[in-house]
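What follows is a pair of complexes built around subunit A, which joins subunit B in one and subunit C in the other.
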Partner chain A sequence: MTRVGTDVLVIGSGAGGATTAALLAEAGRTVTVVEEGPWIDPGAFEPFSLEEMARTYRHHGSSAALGVPPVAYAEGRCVGGSTEVNSGLWHRLPAELVEAWRRDYDIDEFTPDSLDRHAEALEAALSVRRLPGDLPPSSAVLARGAAALGWRSVEFARVFRYGPDGRAEKQTMARTMIPRAVAAGATILPGCRIDRLVTRPDGPGSRRVVAARGRRRHDDGSVGDLVIEADHVVVCCGAVQTPALLQRSGIRRGIGRGLKLHPTVKIAARFPDVLDHDDVPPYRVTEFSPAVAIGGSASRRGHVALALADSGVPFAGALADWERVFVYYAAIRSDAGGRVQALPGLRSPLVTYRLTDSDMSRLARGLVHLGELLLAAGATELYPSVTGGPVVRRVDDLGAWWDALTPARANLMTVHLTSTVRLGQDRTRTGADSFGSVWGHTNLRVNDASLVPDAPGVNPQAGVMTIAARNAEHFLATT
Partner chain B sequence: MDVQAPETAVVTGAAGWLGQNLVRDLLADGRRVRGLVRTDEEAALLEVAGRAVETVVGDVRDPATLDRLFAGAAGATVFHAAAVIHPAGRTRELFDVNVGGTALVLDRARRAGVHRFVHVSSNSPFGFNPHPGHRFTEDSPYAPYLAYGRSKHEAELLVQQAHDRGDLATVIVRPPWFYGPHQPERQTRFLAAVRRGRFPIVGDGSQRRSMAYTGNLVHGLRRAEVAAAAPGRAYWIADPQPYELRAVLDTVRAALRAEGLAVTARQPRLPAVAGRVAVRVDTALQAAGRYVQPIHVLGELGETIACDVTRAVDELGYRPATTLLDGMRASIRWCLERGRAL
Partner chain C sequence: MGPARPGRAATVRWRAVLRFEHRLVDALCTAPEPERRAGVERFVTGTLADMPEHLRLGVGALSLVLGLWDRARPGRTGSELVAAMEHSPLGPVRQHVRLFRSLVLFAEEELAGAGAPAGATPASP
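Now for the complex of A and B:
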């Protein structure tokens, strides 16, 4: 049995948790961060490798939201959370969405200007910048195709530092916010899973968290009970685990519904020339945003093989030529919503997501747009993530994808899960107030992707960290 | 004040109900038309309209088809009339054609560098009027009705975005239920049902309905093509005033008689609740992606769908000339001339 007492308990060490911990610790609060996954030294694994997936992802990288079709997703499970395993892409929340969310969810002090102030500070701290030098070939494909079709496109920044030798180092939470938190006196406890929060009545219609209970895996491999008593608890376990923990703790109102994600289709595209494969292209096509976003995916040999296999057609020739194959994606903003439900006796919650007809149509459109772009960029063969293909070699073949992309044949994935709690003063649509305080609780907050009210249409890391920094500042000013 | 219309017009949905009327009107003015049609049969039917019509056969969702449609179309006007209203069974087709097709046509039009993009929308992005005296204006808020309404709403947003970011000079035209020659089978069945006393009034029949004679609508589209004030705007285009639904049916009966047909005076009625039940059933079916046309139509029959055409009159110089009676008579004559059983 381990007993810990702390001022602030932060559960989860990803983009939301690490940011919260660093800002609160630097303001002089006593902060303890618990993380279910292990501490992994940054750079210990080849980025996007299978070994990395096995060690740092939940379920070794293979989770799926149930529905027809199912949507595969991935979550980090290590100190630093998904920032350790993602591509480090940095997109501020689109201003028009911030405005719409403020209106729709009645969110106090939620304006593009107020968020930009936090975003700027984070960008300076994280070293958000563009790739030095010329576009790598995999990005140049997107730029070339967009130029040929007259489509808007943009090179974007990432959270990377570049050494004098040109070596790139992703500025994950384990390299940035976690060390800052530790330097300011925070305690990081890896290998700690919180199973439930214990709450007691605290005035009329209100409860407070008195303890967090869970299990701790010690360095020697032994496992023991863990109890943490804290004045304040901030849950930052991501859009799947945060609602699951709250539900297991008996907190259900407004929690776990409204899951949003970006359903994504892919194309493995073969080119006449060899492309780079070490990195994800920091370039995207915005012509059809926010409905459809187009960009490049991790394309090491294994990724190429998986993407080719998703087409369900013979691909040995393309795989043998994998250095000339790269994987590109089209991701959509979806009309559907999903649900996270903690089930008694099971460690993992049930995640369901049912795509609408309009979503399936938008995915088909994304596939056609992406195919047209890649052909315009000189691709010779396109393998879509649709079982049975068909493989496309010229523009005349593209139209067949509309009817090919059906719920039964589409192979979809996502990495952006959000919106299972949602912030705002409209209590009928949110699980937490404008600054992440869980309704009906005096000392319980959420501060992660769960709060983002709807799918942002872009990689959410910047939005999650920006909202987390904003809420941390509010916490310090009011508590 | 008008701008000069270019010689060529690109018309999608050219073999459709509206498309046939529009193409003939353009040809009569000496314009050249390049029309998108779905099949060789449709192409043959359209080509009899005149020598200045050229057809492209294919699917509006198909990039290669659209490349052919827009080859050398620089400076032309685009009339985007292709859409699905009543899909065969599943709602997915509404989004594929009405949203996906519009996105692809907008992109081709931008690349070709066209004169104007006149988009045929609908009343469905606006749902039902809150009470029978209410009229939609161009400032009414979106309230899309079911899958068709959502698909046409999303298409309007794409068209407006194309204008607002400087890609194209667009004009959105919103016609309600239209009537006139070249009508599809479902409208012929409507006339026959009224004639034989089989078309029900839901409720007391005082719900209002804006309707647009195809000739009036074509006039509105042609004004949208040239009116200087039109780019970036949306317009309701309909007959000058909405009608009570019972008056529409009375006028159809009068038109049938005027064309020499015997008409039963019987008017079946359904309680208003039947319409409300149909709306619920339709909503549940469409939530599962299913579309059943008679239920959908019944659901709309109990409601008021009425618009105000003042902005079109003021800004486009829209002057609808054909009355409901004359339009219905033209529609009936068109059926009789082609031996359609009414």
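Now for the complex of A and C:
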């Protein structure tokens, strides 16, 4: 058995956990970070490749929120969490959403200005910037289509550093916040899964975490028990694993309900010319934001094949021409909510999500808009991620997709999951207070995507890190 | 003897599941090279083994039923099995073959793109 004592235990090393660990360690706290997944050297695998999926994604990327239709999703499971496997796009939280969430959930000290201060510091640390030089062809498609239709569009910054030779290096947590935490004295323990938190009464109506119990996989492959005693515990396992751990520990009030995600439909679009396939386009069409976001997806050969297959029609000709095919998406902010539920005796929680009729209508609108855009940009064939959805070659034919996109035929996915332990002072609708302290517990906090009150309509990494930095500052000021 | 029976029965059932899933992957894989076929099978097997338990249980249960259904039709080729599943009036059967086709297709195309030897794909993380 491994026994560890620490001032602050951070469970999870993704965007929230790594930020928390770095800021607390640099302030002089004794910090231990445990991560269920392994340490993988940054850059060890080609981005979005088969090997990366097998080694750094939870469940090889084969998770799904059950419902009609189900929504496939992926999470990272390695030191650095999902920042190691995402596209590195950086969007500050939209100011109008921050204001709305502050009102709706009664969140203290939660304003665009207060968050921007933290966002600026993080942007400097992560080298957030736009792609140097001209837009790559896959991004130019979006820019060209938007210009032709008179729609708003924008190039987004990313967490990338570019060398003198133009070589790009994504600034993941394993390259940035984790080394900062280690340099400040933090201990990182990969291969450690925490099964439950042990709590004891700590005054009227209050409990205190006295230990975290789990299993540790050692370098030689052996597995042993792990017990960590800490003065403070910060859970940062993401919007699925965080509520599951809390539920397994008997903490259920306001935990796991209200899951939000961005349901996403895709189109495999064929063009006359060869496109770039090594990267995700850092470009978005914002004409319909935040309700509908339009952009480009990972489009390696395997992804193109999957997207073509999702249409359920013959696609051998397009697959043979895969270098001229690229995958684009329309993602919506949905009215629906979902739930994460830990299941007794099982390691993985049950995740459910129930789309509403208006969500399906919004998805169909997004699909048709995306089709219009791609045809305006010069696409010759569009294969929608709708089983039996007709291949479209002319704008006049897009109307068929309105009826084709039904719950039974839609093939949906997402990579953005949030809101399972919302923050705010309204105890009836939240699982934690305005700064992430779990209700009813004196030394237990959450500091990851679970806290984000609703789906932000953009990639959540910037929002998650910004809120995590804000909460870390509050922790240091109050404990 | 009593306590051993359920374990043995479960093992037999699980072998039947794996046998049917192996047959399905073999039927769906179009790559001619043995190395790539082995790589595809390793990826699919690893992915299924790494699925959330409740999802794997559902997939395994359906594989068990479909395996029994398939054994009742001796002499049917792999491509005939796939065609029968794809045209099944039952949605879950169509979704089952779609799941396997997606996994096979992704691995097959990625391995073709990489030109990678089978050993480049780990069996599990």
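In the analysis below, the second predicted complex is superposed on the first by the 479 of 479 C-alpha atoms of A that agree within 3 Å, B and C clash if a C-alpha of one lies under 4 Å from a C-alpha of the other, contacts with A are read in each partner's own complex, and residues count from 1 in each chain.
What we mean here is this: contacts are C-beta pairs under 8 Å (C-beta built on N, C-alpha and C of every residue); 3 or more make two chains touch, one makes a residue touch a chain.
Values in this document were obtained by computation on a predicted structure and should not be read as measured data.
Look at subunit A after the overlay: subunit B and subunit C fit there side by side.
For the combined arrangement built by superposing the two complexes, subunit A sits at the apex of an angle of 100 degrees to subunit B and subunit C, based on C-alpha centres and given in steps of 10. In the superposed pair of complexes, A:44 makes contact with neither subunit B nor subunit C.
In the superposition on chain A, A:364 makes contact with subunit B only, not with subunit C. In the superposition on chain A, contact of A:350 is made with subunit C only, not with subunit B. Shared-chain residue A:408: touches subunit C; no touch with subunit B.
In the superposed model, A:288 lies in contact with subunit B only, and not with subunit C. Judged by the number of subunit A residues each one touches, C leads among subunit B and subunit C. The gap separating subunit B from subunit C in the superposed three-chain model is 21 Å, by closest C-alpha atoms. Overlap of the subunit B and subunit C interfaces on subunit A comprises no residues. Residues 43, 46-47, 50-55, 91, 98, 101-103, 105-114, 116, 120-122, 124-125 of subunit C touch subunit A in their complex.
Against subunit B, in their complex, subunit A makes its touches with residues 149-150, 287-288, 291, 356-358, 360-362, 364-365, 368-369, 372, 395-396, 398-399, 402.
Here subunit A touches subunit C in the complex through residues 37-38, 46, 49-51, 54-56, 59-60, 62-64, 77, 300-306, 309, 319, 322, 343, 346-350, 387, 408, going by the rule given at the top. The part of subunit B that touches subunit A in the complex is made up of residues 58-59, 61-65, 67, 90-92, 94-96, 99-100, 103-104, 107, 110-111, 147, 150-151, 154, 289.
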